[in-house]
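Have a look at these structures, which come just after this line.
In what comes next, chain A is part of two complexes: it sits with chain B in the first one and with chain C in the second one.
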Partner chain A sequence: MIGARNFAPLVAVLLLAACVAPPPPVADLKPGERPDINSDEAGLWMQMDQVEEMLKTSGHVVEDRKLNDYIRSVTCKLSAEYCQHLRLFVVQTPHFNASMAPNGTMQVWTGTLLRAQNEAQLAYILGHEMAHYIRRHSVQKWRSIRRTTDSMAFMGDLAQIVAMTSVLAFSRDHERESDDIGFDLMVKAGYDPAEAPKTWRALLAERDADGEEKDKPSVFFSSHPAVEERVETLDAKAAPLAGQGIVGDKPYVNAVKRHRRAWLKDEMRKRDFAGTQVVLANLAAAGHPAGDIKFFEGELYRLRGDEGDLKEAIVAYRSAIKAKGAPVEVHRSLGLAYWKTRQNKLARKSFSRYLAAAPKAEDRAMIQSYIDQLK
Partner chain B sequence: MSLAVNGNGNIKGWYYFLVVAAFGLFLGGCTTSMTESYTGGTANQETVKLDTKKARVVLIPLDIKLTELTVAGLEEPKAAWTEQARKHVTDGLTAALAEQGLTLRPYKKPAKSTSLRRDEQLEKLHATVGGTILFHHYGQMYRLPTKKGEMDWTLGATARQMGGEQNAEFALYVFLRDSYATGGRKAAVVVSRILGGTTQAGERVGFASLVDLRTGKIAWFNALYSDSGDVREAEPARKVVDNLLSGFPS
Partner chain C sequence: MTRKIIALTILLLATACVPPIVATPPQEPIKIGFYSVTPQIEWNRSMMSTRESWTIDGYALQALRFYTVGDGQTLSGQTDPDGKSPAFHKSMLPNEIQEFFVETLAAGGWAKVKPSGLKPAKFGSLPGFRFSFTMVEKDGLEYEGMALGAVKDDELNLILYSGTKLHYFPKYKPAVEKVFASISM
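And then the complex of A and B:
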């Protein structure tokens, strides 16, 4: 039976559909265009100008000029007209994300740079962010939120929930549009389209690495489309064009290699060991030196410390030493792993090797004391 | 507009919200009855002497943002209002202190990037320390036992370097956040108050600090909280400035 009481929410929802229809479409931002100072958009710009001032002096901004120039050069390959109006900030945080503010402040997180495997993937990510700027998604979203919450002020709970889901649906549409435009920009710039969906596929592999069922947010309450959907859409777009164009693994690996160790150390601190294993495998596949990757694999086992992990760590450290490019700390770590497994002779030998390779190490005195204890 | 969903909350935003909300509660008590500006009291007033004729005081560019409150209470930042207010409050500060015989010195933007960075860090620090004073000094319930009720705050010794470069003994910092209601919001407030609610129509939270650049210590501090007045126009802005400067050392 549908009584009047049960019927009321439905009426509210129907009425709401009228009030919270998305605001009228906006034109693209022209290169160099600034919004009128009396507009709502100018307010958003002012707010982000202030955030940008704070960001400029943040200790988390990676200032390496070569790296910044490299990323900037990729944005300019995507769009020479727009790139000069963007300000790039590489922000040290070990998660996968990037963001674009309405005023052109673009953040790229180091966790993203650690995960991208080549220039084509970076281009897709930057193209996605540039699309937010060009399509003025921030002001569109703000207007949608404002209109929706205005109409919500006197609504009941259910109607408010419905209203918020419409805002989020609008947000998901923006993400889809940015995926689309980002893809088109990278293809136009000559990059291999097949790399775009790979970005998301790697993220899925990382998410599902521990084999546990994740609480996926409901499709109605998410600001971004499901990753699976994004892979599917991009796969379909890339299929007819795949294999054509630049991948750019060498220039990319070259640009990020100086930071690899610092970023991997940050990555380890997340203690998402299964996910980090996927990241390490992808780095090896992208052409980063095996010695380094194996060293961090060893660190991962040693940190995790599950049954048998110390043995695994020793195997990884030893192959890191055999391969090229391992940091000298590999001897110290191996020494610690030997010590913990009561292989004191081997531990002493590894510690001595560490001190021989790094005679000016800050922890020299401590390691020397270990050697003395192990005698 | 980010690339992917991420779990990072805006901690700073929440902290600011907390400070403002707490400040409103502590000073406002019952917000509906508050029509006059409230000046929260000053710090170390008796200990600070300022020879206004001779003292060299640099005015740091204001940390100011004006917003419009939507019907639902969201804040829409307003660029034009903020620019007007920046001008009126700066002019007001200059005029008010000139009447006391003090000529404020304009801040000279350093050419050296390290100096500029240091000064910007000091501005950020001032906003944070000021918010902390509001919360832990004005907020009686959250007094820090180690402070023993004293107004004992500092921006640290790096302020001395700025003092040297700006050729100043003191720096005046002002932080101001101000919001105004839309027509729809005003209606919502009326309805809410009829129903016994406490919906706000807009409020102003601000504070000013006189920092001794020879030590970095905050020599004088004053805060205001108000839900009336207007800094978008010259004349009412001057009233807000006078409130903010009440108890300024002389």
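And then the complex of A and C:
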């Protein structure tokens, strides 16, 4: 809480901040345009070119041509003239994020791809990132930071705090603008606008899944417009047009199916079990195979290991086996859960089923030794 | 005088943070917790409270590490009260220990961690397990590794050998196999 003693300097700083003129407007980037070599923007591009070079050899980049081609095709549906100047990198990290550098390097994190439920939602996210590029938000932000911090350099910590608040507020304006433009691009490309707010609604449900986390907003939530505000704005924009256009659930589920299990394993490693339950429910609703989703639900309980979780895991694994699409590892996991709850006969049976279903399993010798011990 | 004492104190504190590196004399047993190993060649050895590490060409190129992990601890021997870090539990079966190991590497920033060949193996006279793995460093360099482990008195004992897939891992793999085979209690 700010006391009366600090109030006067704060007012002075705020007045001064208000006096700093906003940076001159920046025109949209034309397709294929590069900044003048002597400009500050060219410097930003050069730095990002270096980042891109590092990204090219990063172990975290997903090198799957089919997946990359699919995401690129959605980008090109949004804007054929800009998409050829963008370079896409799918980065294997389980958090929700995507980013766009001023030079056209676009990163889409696998945590985002796991959370998008259909092509329309992916189109909205990609449209949002393209808007940052077209509107040259990076250079706008860079110039804003420079102007604000230059004018406050002679003042103390309080001035720095106000300066940073100004920078974050500016970022929120960019995010709002990108939301607007991204929405318009997806609608123009023929996607169902009702899917745009659903992207944020799912993120909200995940954030609020664990009551304890609700009071501790992440950097993402503090530097972006309130998610509630984004949902409200997009709902209002989508209402007159909702239900019109492509949702594209089947093509999307098909495009990500080869990676779903790897991404879900990464998701489990976050150990945000309440949030992951929301992710699993959304995947089930999006049409991913029930066997796969139930298997990972079982894995979640087994890894969490709270009281009663092993029993829950067994129920989920058994449902996975009954449903379609469960991986063969479900028998191994069920065997482990049975053994740890002292149901040795059932454990042996499950391990035997695993070996019968996967005769060349890499851990065959270990599983055979479990079976021998359980005899 | 005071300045000299301060400088000496800083120097002593700084050196206290860096584990000393000594050479392992070949053919001589080295005691690690409750067991000993006998290297056939000379390694550079650094010791910390929860683990010790050996290398020949440098830890970024190849490393042989010996871990002792208690119930509820992370691989580095820490206790995580939030439960957000992968931890060893005494009830874990070898498949789950392998899973714990993969999770630990992934949480440490390694990409594409892929274990293989989990099988029963002797850890000295103890029943244990071993497996191999591959992984990619964040800048794209590929590594290969192998692990031998056993649980005794609710503690996980794990010996890990890893190195760059090209040259350094294969170079000392036979020497590490001899270290594995030399475990005695």
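Please note the rule applied: the second predicted complex is superposed on the first by the 350 of 375 C-alpha atoms of A that agree within 3 Å, B and C clash if a C-alpha of one lies under 4 Å from a C-alpha of the other, contacts with A are read in each partner's own complex, and residues count from 1 in each chain.
Here is the rule we go by: a residue touches a chain if its C-beta (ideal position, glycine included) is under 8 Å from a C-beta of that chain, and two chains touch if they have at least 3 such contacts.
Since we're looking at a predicted model, the values are computed, not measured.
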Partner chain(s) touched by A:Trp339 [first = chain B, second = chain C, both, neither]: second
Chain B or chain C, by number of chain A residues touched: B
Contacts of A:Met54 with chain B and chain C, given as first, second, both or neither: both
First, second, both or neither for A:Lys250, with chain B first and chain C second: neither
Which of chain B and chain C A:Lys322 touches, first, second, both or neither: neither
First (chain B), second (chain C), both or neither touched by A:Gln92: second
Which of chain B and chain C A:Lys311 touches, first, second, both or neither: neither
Touching partner for A:His174 - first (chain B), second (chain C), both, neither: first
On chain A, positions contacted by chain B and by chain C: 54, 57
Contact footprint of chain A on chain C as seen in their complex: 83-86, 89, 91, 93-96, 98, 103, 106-107, 110-112, 115-120, 129, 131, 136-141
Contacting residues of chain A [partner chain C, same complex]: 54, 57-60, 92, 266, 269, 271, 305, 332, 336, 339-340, 362-363, 365-367, 369-370
For the chain B and chain A complex, residues of the former touching the latter: 1-6, 8, 65, 67, 70-72, 74, 76-80, 82-83, 117, 120-121, 124, 184, 188, 191
Residues on chain A engaged by chain B in the complex (per definition of touch): 37-40, 42-47, 50, 53-54, 56-57, 93, 95-101, 112, 125, 128-129, 132, 137-138, 141-142, 145-146, 149-150, 152-154, 174, 178, 203, 217, 222-224, 227
